[in-house]
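Shared between the two complexes below is subunit A, which has subunit B as its partner in the first and subunit C in the second.
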Partner chain A sequence: MTPLLSVRNLDVSYPVGGLMAKLRGADQLQIVAGVSFDLARGETMALVGESGSGKTTLARAIAGLGGLVSGEIRFDGAPLNTSGRQIRRDIAFIFQDAVSSLSPRLTVRALLREPFAIHGIQYPEGEVERLLRLVGLPATIAERRPHELSGGQARRVGVARALALKPRLVIADEPTAGLDVSVQSEVLNLLNDLRTRLGLSLLIITHNLNIVRHIADRMAIMYLGRFVETGDTAPVFAHPHHPYTAALLSANPIIDPEARKTRLYLKGEVPGLVRRPKGCEFHSRCPFVQDLCRSTPPSLREDGPVSYTCHFPMEASVNA
Partner chain B sequence: MSLDASDPVLTVSGLTLSYDIPAGELKALRDVNLSIGKGEIVGLVGESGSGKSTLMQAILGLLPGAAQIRSGSIRFEGQDLTGLSARQMRGLLGDRISVVFQDPMTALNPVLTIGRQMIDIQHRSKLSRREKRARAIEMLARVRIPDPESRIDRYPHEFSGGMRQRVAIAMALMAKPALLVADEPTTALDATLEIATIDLLRELQSEIGCAVLFITHHLGVVAELCDRIDIMYAGEIVESGATGAVFQDPRHPYTQLLFGCDPAQIAEPMRHLPSIGGNLPDLTAPLPGCIFASRCPRADETCTTGHPADHKAGQSDLVRCHYPLAPRLEISA
Partner chain C sequence: MSSAVDPATAAVVKKPRKARGAMRRLVSDPLGALGLGLIVVTVLAALAAGLLPHDPVKLNPMVRFAAPGAEHWLGTDNLGRDLFTRMLYGARIALVISIGATVASLLVGLLFGVLAGFGPRWLDSILLLLMDAMKSVPTVMLALVLITWTGPSLWAVVLVVVLVNGPTYARIVRTQVLALRNAEFIEAERALGAGFLRVASLHVVPNIIGPLLILAAMDIPIVVGIEAGLSFLGLGVRPPTPSWGTILFDGFSYIRDSIWMVVAGGLPIVITALGFTFLGEALRDTFDPKLAKR
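And now, the complex of A and B:
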């Protein structure tokens, strides 16, 4: 079966600078570089990485929300027309900031009817109530405006709005950022229930590794706009190959004081995209850097269900 | 850290506070007891709406006009902060008590250089301007800002988020306060930076010896950093104790359920995550019984009619529950 979404060698850039930059040929800043992956129907994939790693830019490019895109995106086997109208029905986006993504002037009812009006679809009677029920909100909420909602409620309205036109792919940008653990569970359970019930594919952007471990089938770790490691979630957690993955996993605050001792620290901060490091782009922060890493970019390697780009991958740790 | 619990830096006792709102009186804090020993790091945990920020504002004297302290006291180094004038409070803030806020971008003034702000904050000191600048550079070096001599003349936007938060920490600790209040200082940071910031905070704290009130909803951070943990729910502190002990054997049903739905504490991957269910109670008209009764699976008539007292139970110092010794609740997905 063809994957629902298939991305090949995707580059995303943004125009920068003025005339001088243009003359120097440096008027584009490459945010996402050479990303390839497939997403199957009903599958959940998590994009993980630090701020500035290009997670959101990649997701927005797939949803046709900006950036200068080159490479290939196929949706359901056909090239994706990112400027067309159909894409807005097939791919829904749940924005990071739930409250500010909803117009403060509209009631929840108007917000949920808006997608139908925009696409010229006859509004099915009672659909607002059905959507609210779907996301577990009381019907009375329909007459409220966004500022009268709690963070969790606004998030659910965002989910309801994303689902209004029955999309096949839902992209959720930090769907649980700033939520308390109990509400976080509710939002994630909701997305997961809808995935199984409606057969959706989910692409979840997050930097919360605790939730990735529970809800994602596969994960991709991004650094400076590239996938440095991708694979099935459990094997990546059990044996990270790329030192960056290992560092991210070990930076997760943990309850058990014993487990803290093996923490892996990174040097410095994320380098700027304007001057990408030569060789392996991670070498400037890698605790295990060697001469080869400074000169030669590593190629993609595979180890069972995991692929990664590193010259000197981490060994499987004993306590994993 | 050795703790001198007999002589706490800060003691909040019986603090009850409400907001006047059009619908009546919102009872935001009810009979809150909290104590922070010298050099102790205390984590204050609670979901949004639990009153963490109100409690912080009450301690710092930053309450909005609609807030009324009904009863109770906040004693800091022997004086009651609730009775201080704005002027007296200003004398304490930035000197004996300082704060690190959540968002390092808005905490720093964007139109002044870091150096100017770090010199300004020393306005109480008798040092010369040159000496103040030298102290600022030294402090920047201590929070590991590379090349502090030239960085000090830069503006906040020229620093990354993690560096800005480190500058804010440097400024807060400049006057060697007795108490540092940190309001979710790592929430806006990535995991790798979060850990680095926590390590830095712990290191500086042990050098300076100040007490820290660390407000967060990230349980992992509390486990890593804090000596003690206080858990707030709907305006009350429901459990308090040494961090390790509370994580190992929580005694309040809310704490038990909260830990139960923290994905970090669930070992086996599960698709469907547990949640507590229900919503925060209406604080304009709280029921006479236990504040958690409406969501507690164990609640009986005692719980819905009588307000529980604070008990010592297990290894926890305070458990506000009628049945603090009942077996631990399991939460199902």
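And now, the complex of A and C:
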């Protein structure tokens, strides 16, 4: 069966600078570079990485929300038309800031009717109430405006709006940002529950590894706009191959005073995208850097359900 | 009348409908109430003009420069026309021109501001240049050139006002659109597939119109002044149509014979200007969140 979403060698750039930069041929900043992955129906994949690693840019490019895209995106086997209207119904985007993603002058009812009005679809009777029930909100909330909602309620309204047109892929950008821990888990369980009930595929952007472990079937770790490691969630957590993955995982707090962990520290700052490092792009911060890394970019290697780009992968025991 | 709503009442008023609460707060502000009152008087005067027994333009040389009395409440002018009647008819001209021209300026400003704010950078640059070029021309010079070209008329006055005020609104709209265009709710609408027209009319304009309306209210007295000024210079409304500006000019010419023409032309300008200015000030106070608690 063809995967729902299939991405091959995707580059995403943004225009920068003015006329002079254009003349020099340096008017585009490449943010996502050579990303490939498949997302099956009903599967949840998490994009993980630091701020600025290109997670959101990648997700927005897939949803057709901007960026100069080259490479191939196939949706349900056919090339995705990122400027068409059908993509707006098939792919729903849940924005990071729940309250400010809702048009401030509209009531919740009007907000939930927007998708139908935009696509000229006959509005089904009682749909607002149905959608609110779906995301576990009381019908009385329909007459409120965004500023009268709590963060969790606004997030649920955002989810309800995203689901209104029965999308097949839902992309959630930091779905738990700015929420209390208890509300975070509610929202995650809601997304997970809806995924199984409605047969959605989920693409979740986060830097919270506990969320990944909790909800994602597969994960991809991004560094400077590239996937440095992808694979099924459990094996990646058990045995990170790429030193960056290992460092990221070792920085994740575990609530267990008995647990002894060796922290793997990274030195330095994330290098700028304008001048990407030669060789392996991680070499400037890698604790295990060798001469080969400075000259030759590593190719993709596979180890069972995990693939990674590193010349000298970590041993299985380091983070165990 | 108490100057501030007490907090308990304010809370009760605020709940059911925001606009009603704002209206009540506006009226409870003495400045707002006075401004509204003066505007109501002007509007009533304009409406009542047709009920008066005298003809505003018919000459009556037998009673030139009559003093105020039972027959002519404000006396007559240099051609024997009833000044009170002309003053009320003048209110029609003043209100129609000032409100019409301000609404037109607002619409022009919204159109160009949204285009500049949403459009590509080159369009923004061109429109911005045009706006600044328009703003750099002095009003009277612009009026002189334009009216020399078209000939004096009511429409020429409206056109001058739109050319002078439109760019100001456009600049404000543009800035607000730039601030809003990358807001997440605009992104969210685009992600749902909403087109430019829908985003602009349903999600951008409603969120920026408030401050513009306040500015418009404060601009109306300026437009009244422009109309009167141009008519005074003979560039506006053509005689014999009664305009406060032409009445004032006649009064200026015949000041040695009667003071009442100056009164009939000047007093309503002052009243209307004060009314709209007070209203604008009060509106600003009402909608300014920092001042709302006062």
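Keep this in mind: the second predicted complex is superposed on the first by the 313 of 320 C-alpha atoms of A that agree within 3 Å, B and C clash if a C-alpha of one lies under 4 Å from a C-alpha of the other, contacts with A are read in each partner's own complex, and residues count from 1 in each chain.
One rule holds in what follows: a contact is a pair of C-beta atoms (placed from the backbone, for glycine too) under 8 Å apart; a residue touches a chain by one contact, two chains touch by 3 or more.
This structure is a prediction, so every number in the text was calculated from the model and none was measured.
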item: First (subunit B), second (subunit C), both or neither touched by A:N252; value: first
item: Subunit B versus subunit C as contact partner of A:Q96, first or second or both or neither; value: second
item: Subunit B versus subunit C as contact partner of A:G178, first or second or both or neither; value: first
item: Per-residue contact with subunit A, leading partner among subunit C and subunit B; value: B
item: Which superposed partner A:H119 touches (first subunit B, second subunit C, both, neither); value: second
item: Which superposed partner A:R88 touches (first subunit B, second subunit C, both, neither); value: second
item: First (subunit B), second (subunit C), both or neither touched by A:R263; value: first
item: Touching residues (chain side subunit A, partner subunit B) in the complex; value: 50-51, 150-151, 178, 180-186, 188-189, 192, 207-211, 213-215, 233-234, 247-248, 251-255, 257, 260, 263, 265-266, 269-270
item: Parts of subunit B lying in touch with subunit A, wherever the complex brings them together; value: 47-49, 160-163, 187, 190-196, 198, 217-221, 223-224, 244, 247, 257-258, 261-266, 269-276
item: Sites on subunit C touched by subunit A in the complex; value: 183-185, 187-195, 198, 202-203, 206-207
item: Touching residues on subunit A, where the partner in the complex is subunit C; value: 63, 65, 85, 88-89, 92-93, 95-97, 100-105, 114-115, 118-119, 158, 161, 165
